[in-house]
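We call the chains A, B, C and D, going by the order they appear; numbering starts again at 1 in every chain.
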Amino acid sequence: MELRGKLLDVSNLKVSFYTYRGVVKALNGVELWMDSGERLGVVGETGCGKSVTSLAVMRLIEQPGEIQEGKIIFNGKNLVELSEEKMNNIRGVEMSMIFQEPRSSLNPVMKVGYQIGEAIAKSKKIKIKNTYPEVKDMLRLVGLDPERVINSYPHELSGGMSQRVMIGMGLATHPKLLIADEPTSALDVTIQAQILELLDELARKMGNAVMLITHDMGVVAEFCDKVLVMYAGNSVEYASTARLFEKPLHPYTGGLLQAVPRVGRTDELKAIKGTVPDLVNPPSGCRFHPRCPHAMDICKLERPPFVEIEPDHYVACYLFKGKNEVREDG
Amino acid sequence: MEKTVKVSKPFMDDLKHTVFLWRKSRLTMIGSAIILIFLLMAAFAPLIAPYDPVHQDLQIKLQAPSWQHLFGTDQFGRDIFSRVIIGSRIALWIIFLVSVISGSIGIIVGVTAGYFGGIVDEVLMRITDMFLAFPSLVLAMAFAAMLGPNLTNTIIAISVVTWTTYARLSRAEAIKVKSQPYIEAIRAAGGGNLRIMFLHVLPMCISPVLVQLTLRMGTIILTAASLGFLGLGVQPPTPEWGAMVSDGRNYLIDQWWISTFPGIFIAFVVLGFNLLGDGIRDMLDPRLRR
Amino acid sequence: MKRSFMLIFLMVLIVAATGFAATPKDTLVIGANTGIFITMDPAVAYEVFPNKIVAALYAQLVKLEAIDGVIVPVPDIAESWEISEDGLTYTFNIRKGVKFSNGDPLTAEDVFFSLKRPVVLESVSAWFLVDIFGINKDNVDEKIKMIDDYTVSITLNAPYAENITLGILSNMFTGIVNKDVVLDHEVDGDLGGAWLTDHSAGAGPYVLVQWERNNVILLEANPNYYGEQPPLKRIMVRDIPEASNQRLLLERGDIDVAWDLTPQLLEEAKRNPDIVEVKVPGHSNEYLAMNATWGPLANPKVREAVRFSINYEEIVEDIMLNNALLVQGFINKGYFGYVEENPFYQDIEKAKALLAEAGYPDGFEVELLTSNTDTRKAEAEKIQADLALAGIKANIVIMQSSQMYAKYRAQGHQMIIAGWGNDYPDPDNLAMAHASYRANQLAWRNAWYDDYAATLCEWGQIEPNPDKREQIYKDLTEYWFHNGPFAMLYQTVEFWGIRKEVKNFEEAAFGYGMLFDFAKVSK
Amino acid sequence: MNFGQFLLRRLFLMIIVLFGVACIVFFIANVIPADPVGAILGGNAPPEAVDRLKAKLGYDQPLIIRFGNFITGAVRGDFGVSLKTSNPVMEDIKNYFPATMELALVAITISIILGITLGILSAVHRNKAIDQFSRIFSILGVSMPVFWIGLLLLLVFYFKLGWLPGSGRLGFFTYPPPRVTGMYLIDSIIAGQWDTFKEALLHILLPAFVLGYNATASIARITRASMLDVLRQDFIRTAKSKGLRKNVVIYRHALRNSLIPTVTIIGLVFGSLLEGAVLTETVFSWPGLGRYITTGMLFLDYPAVMGGTLYIALIYSIANLIVDILYALLDPRMRM
């Protein structure tokens, strides 16, 4: 099967968590791919498994979670089979990650400069104290005063400044892929825009691909080239940003867009009825069927395949057939 | 990372989950089993004990463990197995009384200090520090010497030394609870200080103090043993475990069983209380409820 | 970081595997609880064991010697002495050519200074001179006189029998100190008391080299000793408070003598071939005393019932493991006036009958007080069980010895288990204590105000004729048996565990309590 | 409140606490219904001698005056003269305290090394063999009487195996090194007497382990709990996402954070060491302050008991102060 994404290609990824209430099947065959330099937005309601996917790609899933099945091809290597040792050489070098809570993602008892230098030292195999010039450049790049920030502690920085530090840390090793898990959700709106702008500018300058995980469709519209919509552990629709906003195919995507207030819209906002399904005993077939207005019998029986309906536009829904199958009800 | 686990509620109304946690952690199960045996032993002590624990029979003194005397006999020919069994009742009595006394003093001091804050807090906490800075064994020795060495005075001496930990614990809890909005609501509804303190703040302190109490119940017997070792403990012929271990120490080399068996029982009970204490703490601490 | 720690620990263990040399040939190493040591100043030292160390440091006018089983005062610095017609004044002739450990000659001036010192200092042991001989601060210069460089005289307030006077004068407070050296170290009028606490300036066979409290006491042979040099060059006393610990050290050969073993520990240590048990009759006794004014105990019949409830053999055999002599009179075996007869034994029926006669058919409750040594606790539990057979319910109360004696001295007890250590080897010392309330000692403490017994004691003290004196003590003992407030349990036996390499320790130890001659011990 | 104010306030609190302790000590020493004089004279001394000594030592003065003298004396470091050793109590303390301090320091070192190692290993390998072992080890530590463990280890390592020497600080025939600090280990290094150092080390291992066993248990327990807590924090995930190896994540990132609560327990535990010495010193014939106070207590040697206890309380408060300072150093959040 030739790769859909030259940089990263995740296929049929299944991850489960063994908790006291039973086995939570968090990811149920996720499909995701990216080319280098590309900006992919991964959207969906809370609990749809977007963060678990990002952690799986970074191989950071630990007790009681486990990757059951699937392949994660990154730069030609299948990360699922790599040893912990080899994975460590990829993490922080070829791919890195920034998180939602910037202040708690930094070690409270360590100087910020040291924490950034650590990543550089690892990738360049040099002593941390020799990385300080580069750390200062990085801090300047993310718009912080290097002299003051390098020796300060996380609790001395504001939320926005900490997130800038995280971005600096993530990009310091010029990774091919930067995963950003809800980088702006914890910040107030004015800071959000600045951070997104910074991320955009830096990623463009350094040419790294960015996987942006968010539940804010506005951020996706502004930042991402391509969008993957996820629902209850499945990839349900993938398309370019423009195309998705213009002609959403999957009923869930439609519902999502309906719920987003946008300038110039006059029609009434509609919310999707029902709640996110319980992943311990998820609904059979297509997991959206209990909430899907167009649900048919087949939807209840089997999981719809994730097929390419139009060029570079995939969907997993029985309303649409694959490129080579006829659409049933036109 | 999204929480894939249901948001937990205090264990009272989430019984199924609590029972699961109880069953899941083997150690807590073992702990509660030990304590159960200990309680049963204390309750039915007179029935279980084959001989009179105080009866001396010098002809059969210092006999090794045998079928007539499971744990052998001590230097007066008394059956050690019966003394240990009856001793469990005394141990339970000491533990219960000390826990109640030191627990209540601790909570009252802690809650008052935490609730009122300011000068009251400063003064009460300094007093607690004083008792903490004081070498507790010397304090216990002094009280035992002052009041005369017997069972009740040993209990008082140990309680006087151990209440400080609970005071600090309940103070921290009281401060945390005092700042909760619902306390403001009650005060707004005209609730007096005393009412608030005892009806609302104090119950919240019970669980952390309860955990600490269970953890420390074992060490109470140890302090009693240390007092016995220094000659200030419980009076003969009462079969108190601590005194038995310290009296038997001179026979450790050849008649090892005299102090070993009470020692084992002390260790057993302490182990039980510690495991139980850990178990209760894990259950009450929401973050650990995976 | 962890691996390196393990390495160090292992290396240390391997290095430690080398065995430990036994104790050196020329040194006697004693393991004892030196917690009771207070001072080495002869004028002040008052405890039994410390006094024996002081005895090795200082020569005296007369000292005690055990000659074929009987303890007799013999000449030491005083070559000879005469007693005046009225028996009040003793004149001692000082031996010539005797030198102190630092080489200074010993003269009557030093003797006079040493005798006067305890009186002036009002030290504890001075009560012999002050309360018995009536020599106090004011009249000390008339009572004690220096006649010439080598003669000193002492005048008493009553014509005591020679055996009593010399017995008293053989106590350590007559230890002769080097006047000049002591006065050099005097601090604000303490006559060198502070310095003498842990230094020595005497003419005894040994010299005090070092005393580190709670750690070690080291004596070395005195080169200028006027007698022949002692066989052992050094005596070392290590502080080992735990009896079971002393036993381990003894069996490992790290100490030569374990001083405070309990009967049980000695019983087990004996099984080791390298260990020898040494036993000598002691100079103290162990008794159960009853407050003769408290409740039922005021009735002599009740006291007699108590005496018939106790199983004395079992106490001697099972608690003391035969490290005690079954003696029920108050005069020690080996003393003048000793009464062989032991009238009491356990007879529960007789005890119950006596109790019924006294009006207590179903017994009574009483508080039994004693101190917190292992032996005392064992005795208390034993007596508690025996008394229970006769219907007497005894509640044991254990106190620290100092607290117990405070309560005992204030007549605040009901029943008490305690012991009496003799001060000088004469029946007078024991009679006064146990039978005469006027002496303010044990009889008084137990509120036994019996004039007949007190008069007999005073008569015995000054009776010159030995046969008459013996008869007095026989009658007194007979009367005391059935009316006194005591149930005598046993006469103590002093016992030690020693290494087999230690020679004639028994000869040196005979008469211990009164004397212990370190100079006799060899290896 | 900058560091200076923090220090000043802590010192001021310490003085109040010590004054309180002095009051408790004085209250206890003078209300025990027994007279010290009897203790000195022994049981059978005649009443007249007892009264004479009582007057001489001033025990007939009213309580308040004696309390006044005691406090003014204590401030100057003069706790009066010990009734038993008849030299100034402060001098006795100077003689005995180094032995206890040395034992406590070695004990705390052992318990820190052992406690933290066990704590980390059992946290990192949760519920595996090492975790169960360390829990049983620490629970045994908390549940066995100190003197019993002491005698047992003495029996095994000294009597049966002969690996370690029995009692006392040095072999009976080795002279202590010239006194600089009073601690044989340090003094012997200063004096360069290496075989004395080795012997002192061998002598201190067993008592220090016994004294420290209880502390090891508490430190292991606290380290495990706080390590488990820290390993759940977000910044650990960040560290892992930087591709750092497992050990680096644990020792560079997690350990330092988990040490903060452990440091506070060390302060508390150090206090329990000072009084645990009372038992250990008796079992191992260690001439320390613990034994000085107990023999003082048994002989009702008031000045010694009062002085000794106050001194231990002082050392305990200083140890706590040092812990607070360490706490501030370790955790920058405290330093703002």
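Definition applied: a residue touches a chain if its C-beta (ideal position, glycine included) is under 8 Å from a C-beta of that chain, and two chains touch if they have at least 3 such contacts.
For clarity, every value in this text was computed on a predicted model and none was experimentally measured.
Chemist: Counting one step for each move to a touching chain, how far apart are chain A and chain C?
Modeler: Between chain A and chain C, the shortest chain-hopping route counts 2.
Chemist: Tell me which has more C-beta contacts between its two chains, C-D or B-C.
Modeler: C-D
Chemist: If you average the CA atoms of chain C and of chain D, how far apart do the two points sit, in angstrom?
Modeler: 38
Chemist: Just the number, please: Cα centre separation of chain A and chain B in whole Å.
Modeler: 52
Chemist: If you average the CA atoms of chain B and of chain C, how many Å lie between those two points?
Modeler: Computed value for the inter-centroid distance: 45 Å.
Chemist: Centroid of chain B to centroid of chain D, CA atoms only: how many Å?
Modeler: Using C-alpha averages as centres, the distance is 24 Å.
Chemist: What parts of chain A, by residue number, touch at least two of the other chains?
Modeler: none
Chemist: Please set out, as single numbers or ranges, the residues of chain D touching at least two other chains.
Modeler: Touching at least two other chains: 32-34, 151, 155, 159, 237, 282, 298.
Chemist: List, in ascending order, every residue of chain C touching at least 2 other chains.
Modeler: 244, 248, 399-400, 403
Chemist: Okay, in this complex, where on chain A does chain D touch?
Modeler: Where chain A meets chain D, its residues are 58, 60, 84, 87-93, 96-97, 99, 101, 104-110, 118-119, 122-123, 153, 155-156, 166, 169.
Chemist: Using the touch definition from the top, list the residues of chain D that touch chain B in their complex.
Modeler: Against chain B, the touching part of chain D is residues 13, 16-18, 20-21, 24-25, 28-29, 31-34, 135, 139-140, 142-148, 151-152, 155, 159, 232, 237, 268, 271-272, 274-276, 278-279, 282, 293-294, 297-298, 305, 309, 312-313, 316-317, 320.
Chemist: In the complex of these two chains, what residues of chain B are touching chain C?
Modeler: Touching chain C from chain B are residues 54-56, 58, 61-62, 75-76, 145, 148-150, 231-232, 235-237, 247, 249-254.
Chemist: State the interface residues of chain C toward chain D in the complex, per the touch definition above.
Modeler: Touching chain D: residues 2, 5, 12-13, 15-17, 19-20, 23-24, 27, 29, 35, 38-39, 46-47, 122, 124, 127, 130-131, 193-194, 197, 212-216, 236, 238-242, 244-245, 248-249, 251-252, 254-255, 399-409, 418, 420-421, 433, 440-442 of chain C.
Chemist: Help me check something: in the complex, which residues belonging to chain D touch chain C?
Modeler: Residue positions touching the partner: 32-36, 38-50, 52-53, 56, 84-87, 92, 95-96, 113, 117, 151, 154-155, 158-159, 162-169, 171-173, 198, 201-202, 205, 282-285, 287, 291-292, 295, 298-300.
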